[in-house]
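Okay, structure first, notes after.
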Amino acid sequence: MRPIIPDYLVEALGDVEPDASGAPAAYIPELAAADPERLAAAFATVDGRVYGAGDVDVPFTIQSISKPFVYALALADRGFDPVLAKVGVEPSGEAFNEISLESGTGRPLNPMINAGAITVHSLAGPEGCGPADRVERVVDGLSAFAGRRLSVDQEVYGSEMAHAHRNLAIAHMLRSHDVLTEDARTVVDGYTLQCSVVVTTRDLALMAATLANRGVNPLSGEQVVPGRVVRQTLSVMFSCGMYDAAGDWATQVGIPAKSGVAGGLIGALPGRIGIATFSPRLDRHGNSVRGVSLFERFSSDMGLHVMEEPSAGQAVVRSNHVVGSGPGALRVLELQGGIGFAGAERVVREVLETAPTETRVAIDLARVHAIDDVARRMVLEVARRLTLDGHDVHLVDPETILPDPDPGDGGRITVVQTVEQAMPAGA
Amino acid sequence: MRPIIPDYLVEALGDVEPDASGAPAAYIPELAAADPERLAAAFATVDGRVYGAGDVDVPFTIQSISKPFVYALALADRGFDPVLAKVGVEPSGEAFNEISLESGTGRPLNPMINAGAITVHSLAGPEGCGPADRVERVVDGLSAFAGRRLSVDQEVYGSEMAHAHRNLAIAHMLRSHDVLTEDARTVVDGYTLQCSVVVTTRDLALMAATLANRGVNPLSGEQVVPGRVVRQTLSVMFSCGMYDAAGDWATQVGIPAKSGVAGGLIGALPGRIGIATFSPRLDRHGNSVRGVSLFERFSSDMGLHVMEEPSAGQAVVRSNHVVGSGPGALRVLELQGGIGFAGAERVVREVLETAPTETRVAIDLARVHAIDDVARRMVLEVARRLTLDGHDVHLVDPETILPDPDPGDGGRITVVQTVEQAMPAGA
Amino acid sequence: MRPIIPDYLVEALGDVEPDASGAPAAYIPELAAADPERLAAAFATVDGRVYGAGDVDVPFTIQSISKPFVYALALADRGFDPVLAKVGVEPSGEAFNEISLESGTGRPLNPMINAGAITVHSLAGPEGCGPADRVERVVDGLSAFAGRRLSVDQEVYGSEMAHAHRNLAIAHMLRSHDVLTEDARTVVDGYTLQCSVVVTTRDLALMAATLANRGVNPLSGEQVVPGRVVRQTLSVMFSCGMYDAAGDWATQVGIPAKSGVAGGLIGALPGRIGIATFSPRLDRHGNSVRGVSLFERFSSDMGLHVMEEPSAGQAVVRSNHVVGSGPGALRVLELQGGIGFAGAERVVREVLETAPTETRVAIDLARVHAIDDVARRMVLEVARRLTLDGHDVHLVDPETILPDPDPGDGGRITVVQTVEQAMPAGA
Amino acid sequence: MRPIIPDYLVEALGDVEPDASGAPAAYIPELAAADPERLAAAFATVDGRVYGAGDVDVPFTIQSISKPFVYALALADRGFDPVLAKVGVEPSGEAFNEISLESGTGRPLNPMINAGAITVHSLAGPEGCGPADRVERVVDGLSAFAGRRLSVDQEVYGSEMAHAHRNLAIAHMLRSHDVLTEDARTVVDGYTLQCSVVVTTRDLALMAATLANRGVNPLSGEQVVPGRVVRQTLSVMFSCGMYDAAGDWATQVGIPAKSGVAGGLIGALPGRIGIATFSPRLDRHGNSVRGVSLFERFSSDMGLHVMEEPSAGQAVVRSNHVVGSGPGALRVLELQGGIGFAGAERVVREVLETAPTETRVAIDLARVHAIDDVARRMVLEVARRLTLDGHDVHLVDPETILPDPDPGDGGRITVVQTVEQAMPAGA
């Protein structure tokens, strides 16, 4: 069988290829010299399959796409409070290189603008670590997101440092507000190294998939940063990742995203997919022209939009029936699918509405493939209350999908492998 | 059995009740006179079950919570282009009553600030409709979201008009930019009526649930606005709904939300739930103090955050096995759960990796409870390509979960009710 | 003899006449219909001579040129504190119709932008006076500045009210901050009438000359507003009168000035001259193109720049000599010119350095044409100290240029008509 | 005789001495350690007399007071166009250390804010001069303004460089806009040296008097910068010198001024006086508290306000009479005082109105002590036209107050020493 998704990607690239509008970044010769025709797109699934088309293995510098990842590293390394004390999470509605410091405190408005990203760089690694260790931590961390060892393009780094006037301005300003507490130039130097890390479109798709997969790299299985950090990072990407076009992006594309001045663009749809594109010509916002077109198409074609969730759990209760009769009758609630709060609510309601008269009740999880913590607690609470009402509660859980099934506080549950095992002996 | 969710809500209300910080809005006597102790919370599921605790049936005026709903009505009535031409979607990072017009065009930055909401009011109803018809359309529309007939508090309306200096200023400014094209005072009058619509916490929960349910009111079943309009509305709520605290809210709570100056607060989590709270004391951003606390708790307790998606479809392919042997052998792909793009990708991959040698292939949807359009098309494409490769493709779809199963272009599918029916006669 | 200044004006008009750049204001038909070729310039001296060239008697509406005059009227009518409490004096660096309210208080930044001028209009006339009386006060006051009865162009007034969206916006905003305390529309109505007062270039030159002449109309001799009010008004005109081009104007032209959207432009050089020009085509700042050129030329040709003062009083002490000899010798200090602080300082120094040994000292004011209050007090103090040192002090003041010549506190002065009268009898 | 002005100054210092509000600048130890009780005031006349009271010879660093002087040097060294191309003249209405760059170009709004002053420093000295030569040029230039050799406080310089974060930020930002074209740190280094030049209150008064005296140091007689440059500098000081309190200062004090963070404050009233005060405690605008009080008093007591000009030349024509009779009769116009445009206008008018029938006309300048260029040209034109009308024109100019008395183009003038010499021989 010919591959479907690669076909789709090839077709999508073909459609945007003729668009030669925009221009590569020109502020350093190394970027200006990029081949403007390069074009690539890749999808990485949360279990690690990568689909690519075009120049997916051509290397380029990560640039601002490093921002969300190093933000995640800093949150993981220092905790939320120290990072939030230094860098806000409010959209600035401004271009990437605006200073946008909070009036009074000098706190950068968010980690996606340069002022925020420079500050965030200074917060990577353990407190008190020196500049060299910090850079190592950052490159290690980015490598962990990508699932392979990444390196720095020393030429781009050198050239960017020679043109880092605005970032130096920003860093000195941050230093004057004590948002930075060390030498301004040293921090800009480290930040510039961070931006000069070399990636491919394939790498970026996997990095994005690591975000989509709650911080676990789908290939290496490494938990690069905690899930709570990923949630924070994706939220900030959603409202601040695309600079002054953030609102258009949020409504039209709806995928937490980040672009880089070398032409890269990533998107991460939580629980679903990581996407990356590469095309060096930029629009006036500094985002890749063809990359933006590709994302618009992906979002539209595939319903990839955070606000476009299928109504989950509509059929969480697959059946509600009685097996057997008389005193040995067993009330069976057969559940299915992945169960979160909304699904658990249905289970609770089903039990309430049924008000089972049978002494024995079985909650059958054989067709359930995932249950989150709140749903687990709700199911246990149902079991507890059923116990208190005099029921004998069985949990059919052959794959131990619901760990530690102790309802506590007067509740009792018998775990069994099949519905049959929940029936009275001799039934 | 004692009810679980109401218990939870009662407990949550009890926890925030002692917090008497903040103050009711004081700019008109009617709001200042609100009983500051009122407290309510309600959940409405996407299939219409409402759980409430506290003063869920106490009436109050909807105020700014009307903004996202009337935005949705205007998008539905006029289409996207005319509305986007007049009102942007960029977060303003400013207080609700800032003018925040786009420099040059005078276009309000987004529909959640007053300038945007006043403009949006003028865009409700069909083009050319008069002020009275427009107000009727707005009240009808809000009623449709709530699932019952709503009315206007004439006293609040009168008092707000007498203090509408700033809104009049904004409207005259919009008029001077031709963003409004009719009498400024008339539009403010209609907008003030819109804000004076009376709702209860229960109503608001159902209105939010209608947004969570792709625009279909869970009780009445009415498609109040199209799904695409809801997606736009939720996106804008997410980045602009909580004014200058939008970023904090987006990261910490992560639920598209909107607050009103009378103390209401709603949140809509797409596909999952509508939430509403009511408590009149406001913080300095104009958001209900206890309402914000409740939402923070709900989000944290129940994982209700748009960026916190469970990894969907991890077990979409429940089994991949062969039934029978020899020429009559049937390759069976047993799928389960709800299937979107990410799930369909797994199916595609499974087929590719299996490269089945059996002539007969069955795709078993018996345990699938939902399949979205892109997934449907991908499954059909798999079937088409399998046909082209010489396979005989059967779709086991007893509940017709996959409508119109024609793969087209050389593909062929035989729909059956059971796996058995897919086996060769006499097998 | 052919007239020199009119010749100069005619020549200047001829030089700017070919410049057809810019365009008349177009926001109301009445202004758009102005003959764009109209061109006039007039000088009015502080003793009431008016020189004009071109269309000096063509009527047009005063528009924003009313702002400084009504500011002066409000300061005169209400006193400084109430006016300064409502309207600041800081340059805004913004266009005329920007709202530019002080953050927090809502106080307009200065009286030359519309927000400030609308507020100032509300402060004209005695406190508590009604709208009609206030308009009458304003028209009366403007008439007093012009030295003849002015009237209102009702058509322009009506048309401007129909297009007053932005001013209404501003007024409602001011009302929302309680900067305005009455009905917003009523104030805008009065302000629009104020702007619709009809003047000629000749009128404007005389109005400017009244400012240059410390508030005394050079023709009527009426003290329209006090000198302290004029100083305030001229200072504000200097830094805020030309909107966002204020700094260019202040440096290059250096004449306190104000322009109007109908094409008028005035300048007042304190103590020297009032200037007015008229040409309806405006530049992007809203200032008359040819008017600005004319002022640049006048300033450059004639050294009319407030920072270009001739060094005053360099020869205040015309001679310092002794008449007669022996005990009857008279030390004579012959002064000349106009004497202010700087001149008086020289007199003081001359006396100190001379340390006259003669008993008789005469201060001869026969050639002095003006002496200001501080100089008068310094001269009297010199006289007092000379008395205390044992001198006999005579003041030769045939024209009573120094009123009330009592040095007080032990000082004594004999006023005489000629130096001879100061000599001892029989000398 | 006891001295009057020193008495006045001592009294003024005594009145402000008890005010201990405000605090010395604290950002570097050297400034924080300043004796906050230091207090001085000095007047310097345009002919070089200095009056002082208090600590007039205590040295301190010039800081921002260097800004207008180095602006004048840069204008003199490079010409107006290159300087205006880099630094605007618009008031910023902001604090001294705001970046305030013109949107787009990155041009600092004016030379009195740090961004402008740093840029201006880079423009001192001839184009292409190196950093060391530039610093030498600046120190030389400041010394020339003061009339004595000034030196740099190396400790203050070193300490300020160690805390120059914000200025470095500004300089890098200017570098990023190519407003600065050399190494940002080098320019800040030079600028910091400039600010660390040591002066006394006496020095500052003389520096201000040099500005008041059209650029000529009253003591040395050196033309430090051209008069046109001084006019520009004073205009900018007037509207931008006192930062965000510029409007209050312009209206209330009305003296072009500049303050420094070490406690110095200067004012220059063109043609009249230079003033300096010293008191280290600063208000929230960064201006010396007691310095501001002293200036308010000086302005109020002595009418020292640029908009408070005595009406000049009211008696320019001292007499208009005929000497002799018959064909030898001589029409004599006896003029007096200093004559500028306004005065010359009166002369022109007098001649026109007289329409003398006498053949001989004498313009008597014996009592005139100054005549500016435009007045000179107007008087010559009067003479020329009188010649053309058949008159015999004599100029009585014993002190050659009117140089080069050639009316040209058909005019003829006979210069004489006395009115008698203008009469016909034998009369």
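The letters A, B, C and D name the chains in turn, as written, and every chain counts its residues from 1.
In this text, a residue touches a chain if its C-beta (ideal position, glycine included) is under 8 Å from a C-beta of that chain, and two chains touch if they have at least 3 such contacts.
Being a predicted model, the structure only gives us computed values, none of them experimental.
**Q** Weigh C-D against A-D on C-beta contact pairs and write down the one with more.
**A** C-D is joined by more C-beta pairs in contact.
**Q** Distance between subunit A and subunit C based on Cα centroids, please, to the nearest Å.
**A** Roughly 67 Å separates the two chain centres.
**Q** Indicate the whole-number Å distance between the mean C-alpha point of subunit C and the mean C-alpha point of subunit D.
**A** Here subunit C and subunit D have centroids separated by 21 Å.
**Q** Based only on mean CA positions, could you tell me how far subunit A sits from subunit D in angstrom?
**A** 64
**Q** Which residues belonging to subunit D are in contact with no fewer than two other chains?
**A** none
**Q** What are all the touching pairs of chains?
**A** All touching pairs, sorted by chain label, are A-B, A-D, B-C, C-D.
**Q** Under the stated contact criterion, what part of subunit A meets subunit B in this complex?
**A** Contacts found on subunit A: 1-5, 43, 45-47, 49, 88-93, 109-110, 213-214, 227, 230-232, 234-236, 238-240, 244, 246-248, 250-251, 254, 256, 270-273, 301-312, 314-315, 336-338, 340-342, 345-346, 348-349, 351-352, 355, 367, 369-370, 372-374, 378, 381-382, 385-386, 388-389.
**Q** Show which residues of subunit B lie in contact with subunit C when the two form their complex.
**A** Listed in rising order, the residues are 99, 165-166, 168-173, 175-176, 184.
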